[in-house]
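Common to both upcoming complexes is subunit A, partnered first by subunit B, then by subunit C.
For the complex of A and B:
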C-alpha cells in the first residue's frame, strides 16, 4: 500500500513538472510582454526594452527554449522569476497563496461534506418530498454558473443589508484592515460567508447527485440488510455500513471536481475582490505576465494533484480491497 | 424500431418533455424573436441610455443605448451556435480518439491517457485563458475549436473503456476475419454501437460549452466586441447589477434556463437510451 502511494506521488511530481512546463511554453509563446513598453510617449529605446526584458527573462527575442531553461533553473531552486514590472513572483505568490488556499479549503470541505450528507439523506428518503426538493434544487444549481451565482448572492446581500438598515454580511475584499484582534477574526469570517457559498454550492449539488445514486445502489445490497438483521440500529447500519461503502465513488470524483473548484475560485475571487491566485491569473494574462501565469499554473497543478493524492488516500482508507492489493 | 422505442420513452419522461419544450421555445425566441422586436441589435437609441424595461424597449437599454431585447437574443444565438458546434466537435473527436485508442491499444492508448491526465491537472479554463489573447481579432470559430479541443478528453476515456469490451464482441471479430480494414471496423462497427453514450454526451456537452463560453467571455477571453454572447452581456450586466438589474437579469436568466433545459433533455435521453444506468 505504501509502495503504491509512493509510486502515485512520483507520477504526480512528474505530472506537475510536465503541466507547469506546458503552461510556461504556452504562455511564453502566446504572450507579448513587450506590449507594456510599446506605445509609450516618449518612446522607450528598443535597447532599453530589450535589456529590461532580458533582466526579467521575458524577452521574446530570446529563443523560447532558452527562456524555458532559465525559468526551470530558477524554479528548481524555488525562484519563480520576475513579474512583468520587475517585482518578485515569489513575494506576490506568498501574499496570495494563503488567500486562495483558505477559500479552496473551506469551499472544498463544505462542498464535500454537505453534498455527501444531502445525497445520502435524499437516498434514504427516496421519492419523498425531501428527496425531490434536493434533487430539483441541485439540478437547478448545477445549471447556474459560478459567476451568475456570485452576482446573484451579491445582489441578494446588498438588498438584505439595505432592508435591515445595517451591514449584516460584508462581501467586498477579504477583511477590514482597520479592525484588530477578535473583531478582525469575526470580520474575516463574515467576509468568508458569501465566497464560500458561491464556491461550494455547485459542488454540493454535484456531490449530492453522485452520492444519492451510489447510496441507492448500496442500500439494496445484502450486506446492509444483514447489518440491520443482526440487530444494528438503523442509524449505525446506514452510517457505518452503507455510507462508508457508498463514499468510495464520491472520493474518487474528488480529484476531478477539484479542477472545477479552482476555476470556480477564480470567478469567486474576482467577483468578491479577493486578491488570490485565481484573480492573479486573470490580471497576469491581461498584463502579459508570463512568469506569473506559469506560477499560477504550477500552483493549480500542485493543488489538483494534492487533491488527487488525498482522494487516493481517502479511497484506501475506505476500501480495504485497495489496501490489500 | 429501437429509435421509436427510445422516442416513446423520451416522451413519457416528464423531465425530458419539459426540457425539450423549453429548448424549442428558447431557440424560437433566439431566432424568431429578433424579427418581432422593434429594434435591431446594432441600433443605438441615443435618446434613452440605461432606461428600464418599457413598452418601447421591452427589456430596457444598455449604457450606449442598445436595445437589451435585441442584443440579448443576438447573444443567445451566438451562445447556442457555439454550444452546438463545440458539442459536435468535442463528441466526435472523443469518439474517434477513444475508439482508436481502445481498439489499437499500445502507445496510442498511452499517449491518450497522458493527455487526459494532463487535462485533469491543468483545468481547461486555464489553458484556454492563456491562449486566448492570441485570438483577439481572429474569427470566433477559433474560439469554438479551442473550446472543443479541451472538452473531449474525459469522454474519450469512457469511449476507450467501452471500446475495450466491444473489441471482443463476435460481430467485431467476424469483421476482422472478413479482412475489413481496422479504421473501417472502428467507424462502422464500434462507434455506431456507442451511439447512445455519444448522444447523451453530446447533449450534455452543449450545456457545458455554453457555460464554458460564457465563463471565458466573462473575463473578456472569449467573444470579442462588437460581437456579443450571453457571457459578454452577463459580464457587462454584473458590473452594476444592483443599480440596473435588467442588464444582468435577462442574459443571466436566459443562460440558466438554456443550460437547465439542455441538461433536462440530456438526463431524459440518458434514461431513455440507457435505462440501466443511474448516474
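For the complex of A and C:
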C-alpha cells in the first residue's frame, strides 16, 4: 500500500514538472516583456533594455530553450526568477500564497462536506420537497458563472450592510490593517465569509449531484437492509453503512473538482479584492510577466496534483478493496 | 407454544400490486417451516413484512405476533429491539448482504453490540467465537478480512454467525443457499442445523428448491400468486399433495434418482399481481379446472391432519388419491432415430483433444508483468457423437464456461485440438469459419441479458439468417417460432413482453435459425422457475430428437443433467475427473468428487433426505492460479484422508489420467484409487418398477 502511494507521488512530481514546463514555454513564447520598455518617454536605449531583460531572464533575443534552461536551474534551487520590473517572484509569491491557500482550503473543505451532506440528504428524501429544492438550486448555481455569482453576492451584501446601517459582513479586501490581536482574527474570518461562499457554492452544487446519485445506488442495496435487520436504526444504517460506501466514488471526483475550484478562485480573488495567486495571474498576464505566470502555473499544478494525491489517499482510506490489491 | 403467529397478512405496493394476500402461519420453538413458491409468489415480501423492512410505500395489514406481542405498527425504536435480537434474517446473496468496506469481524461484532452492552474488545471476541461456531477456519485471522476476500460459502457462514449473534428465537432464511454450489450448499445447510441446535430457534426457510425443503422442514407452506395454497407436514405435502399446483410442482422437478420419461410441465405463467383473475389464481394453468373455479378464490380450508388446502376439488383429489402425473398431461416426445445406430458407428460432431486454456495473471498499473497463470482449462478431452447430449458439470470456477468459449471461438487453442464436424478449428480460413459458425450455435444462460431489449423478437430471430444471406427470412421466422412453441404473431413484440421461459424459447429459436448440427447450451434452464424449467427441458429434448441435433450441455444442476444428457463429464479445477454414460456415472460413481457432488444434491423426498448420509467436502475450491500438485482434488478428497501415507504419496506426486473404469463400456475415471459407491438411494417408485 505504501509502495503504491509512493509510486503515485513520484508520478505526480513528474506531472508537475511537465505541466510547469509547458506553462513556461507557452508564456515565454507568446508574451512580450519588451513592450513595457518600448515607447517610453524618453525612449530607453535598446542596449539598456536588452541588458535589463537579460538580467531578468526575459530577453526574447535569447533562444527560448536557453531561457528555459536558466529558469529551470533557478526553480530547482527554489528561485522562481524576477518579475518584469525586477522584483523577486519568490517574495511576491510568499506574500500571496497563504492568501490563496486559505481561500482554497476552506472552500474545498466546505464545498466537499456540505455537498456530500446535501447530496446524501437529498437521496434519502428522494422526490420529496427537500430533494427537489436542493436539485433545482444546484442546477441554478451550476448555470451561473462564478464571476456573476460573486458580483451578485457582493452587491447583495453591500445592500444588506447599508440597510442595517453597519457592516455585518465584509465584502471587499482581506483584512482591516487598523485592527490587531483577536479583533484582527475575527475581522479576517469575517472577510473570509463571502469569498468562501462564492467559491464553494459551485462545488457544493457539483458534489451534491454526484453524491445524490451514488447514494441512491447504495440505498437499495442488500447490505443496508442487512444492517437494519441486525437491529440498527434506519438513520444509523444509512450513515454508517450506506453513506460510508457511497463516499468512495465521490472521493475520486475530488481531484477533478479542484481544477474548477482554481478557476473559481481566480475570479473570486479579483472580485473581492484579495491579493492572492489568482489575482496575480491576471495582473501578470496583462503585464507580460513571464516568470510570474510560470510561477502561478507551477503553484496550480502542485495544487491540482496534491488534490489528486489526496483523493487517492481518501479512496484508499475508504475502500479496503483498493488497499488490498 | 408458537413463537411467531402470522394472521391474514396482506401487503400492497403502489399501483395496486397485491404482493401478499392473506398469509397466515405459525412457527413453534425448534420447528422449521418451509415456504415454497416461484419468483413473484410473495414469499420474500412476507418475511420482509414481518421484519418491518419493506419500503415505506408498502401498505401492510393483518397481524404478526411474536410471543403474543403485535409487531405490525410498532415504532422504529421498539422494532429495532426485536430485529436482530428476537428475529434474525439470513439473506440470499451474501456478497451484497455485507457492507463491502467493513471487516466481517466488525460486522458480526456490530450485531452483538447493537443488542448487548458489551465493550468493543469483548464484542470482537464474541464475533470470533461465533465465526468459529459456524465453521470458519482460523476465525481470529479471518475476522479481519473483508467480505470480498471470503468465498460465497464462507460469507454465508458468516451471515449465519451474524444472525445467531443474539440467540434469536426465530431465524428467517430467505433462499440461503440459492447462490451457492451444491457441495457448499450441503455444508451451509449443516451449519444451519447446527445453528438451530445451538439456539433452539424456530426457522422460516424460504426457497424454491423442493429438495432443500424436504431435508430441512417439518412443515411446508406452498405459496402461489401471493397466497398460501397448501399447508401441512412435510411428508404429507410431498407424498400426498392435495392442491393441483403443488402436485404439478412436484411432478415437474427432474430428479437425480428419477426415471427417464418426459417431465410434466405446468403450462402457462403465474398471473401478474396487478391483474389477478377473479377466481382461483391457478385456474388458468390448472388441468382440473371446472367452471366453479372462476367464481371466487377458494379459501384455505382445514382438511384434517393439520393440513390446509385452497382448492375446491381437494376432497376429490384426496378421495381418488391423484398425483401430478395423473392430473397433468404428460407430453409425448418422439424418440430419436440416431440412437438406433450404436454410438461407435455414428459420426463424431465435436471433439476436444487435450485442450488447455490458461489466462495470464497480470500485475502493475503502467508496466504489466505476468505474476502467474490461471489454469482455467488444463488438458481436457471428450467427444460428442451425432444425436447425443454430453453434459459438462462441475462447480463454479471449474472451467465449464471457459471450455465453451474455447469451442465457440473456433480458433486454435493454446494446446490441443478442437474439431467441429470433422474440421480442425486451427485450419479454418475466413469463409470456412463463417460456414462452420452456422453449424455450431449457442443458447445462453440468462434469457434477459441474451436478447436485445430494443429489437422485436422477429428481428432477433432473423438476425443470423440475414447475416448469412438467407432469402426466405419471414417464412423461416414463423416456422421457428412455431417450432419452439410460440405463435408467429409474437414476432412483432419486444422481449420485455415475454416471461423468462418464453424468452429462453426465443433464444433457442435464434440458435436454431441456421439449422445447426451442434448446439451448445450454457445453463439454459438455471435461471428459470421449476414449473417453467420442465417445459424448456422437454422442448430441448423434442428438438434434439426431431431435428437430429447434438448438444453440449453445461449445467451445475445434476438432476437436470440426468434427465437431459446421454453422457456426462464431471470437471474439477480445469480437469475432467469422471466421464461416461449417465447411468454409469450416476448409479456407480467411482471418483470421490463425483460421489460427493451427487450426495450433496438434496432429493425432493423427505423420508429419503432424513436417512441419507452425505459426503461433506471440506473447504472451498482451491484457486485455479495455484492448483495442488498431482491429483487436484486431493486437498478436499475424503478418500485421500483415509489412505495410508504410502498411498497418499501417489496422489501428491502423480497426476491421475482418465482411465477406463472396470468393465463398463463407456466410463472413464481419473483417480488412482477409483472405487464405486452407491450414493443415490433408489426411490420407492423405482424399486417398485
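Here are a few things to note about the model shown:
Convention: the second predicted complex is superposed on the first by the 325 of 325 C-alpha atoms of A that agree within 3 Å, B and C clash if a C-alpha of one lies under 4 Å from a C-alpha of the other, contacts with A are read in each partner's own complex, and residues count from 1 in each chain.
We adopt the following convention: contacts are C-beta pairs under 8 Å (C-beta built on N, C-alpha and C of every residue); 3 or more make two chains touch, one makes a residue touch a chain.
Note that the structure is a prediction, hence the values are computed from the model and not measured.
For the composite obtained by overlaying on subunit A, subunit B and subunit C can both be accommodated side by side without a clash.
In the superposed model, A:260 makes contact with subunit B only, not with subunit C. Once the two complexes are overlaid on the shared chain, A:61 sits clear of subunit B and of subunit C alike. In the superposed model, A:319 makes contact with subunit C only, not with subunit B. Of the two partner chains placed by the overlay, only subunit C lies in contact with A:226; subunit B stays clear of it. Shared-chain residue A:95: touches no atom of subunit B or subunit C. Considering which of subunit B and subunit C touches more of subunit A, the answer is B.
In the overlay built on the shared chain, the residue A:128 is in contact with neither subunit B nor subunit C. By the touch criterion stated above, A:31 is placed in contact with subunit B alone, subunit C being left untouched. Figure legend note: subunit B and subunit C, brought together by superposition on chain A, show a least Cα distance of 7 Å. The contact sets of subunit A with subunit B and with subunit C never meet.
Across the interface of their complex, subunit C is touched by residues 221-223, 225-234, 241, 244-245, 248, 318-321, 324 of subunit A. Looking at the complex, you find that subunit B touches subunit A at residues 117-118, 120-123, 125-127, 129-134, 154, 207, 211, 214-215, 218-221, 234-235, 238, 241-242, 245, 248, 252, 255-256, 259-260, 263-264, 267, 278-279. Partner subunit A is touched in their complex by these residues of subunit C: 51, 53, 76-77, 80-85, 88-89, 91, 93, 96-103, 110-111, 114-115, 146, 148-149, 159, 162, 166.
Residues 15-16, 18-19, 22-23, 26-27, 30-32, 139-140, 142-148, 151-152, 154-155, 158-159, 210, 213, 216-217, 255-256, 259-260, 262-263, 266-267, 270-271, 281-282, 285-286, 288, 293, 296-297, 300-301, 304-305, 308 of subunit A are the ones that touch subunit B when the two sit in their complex.
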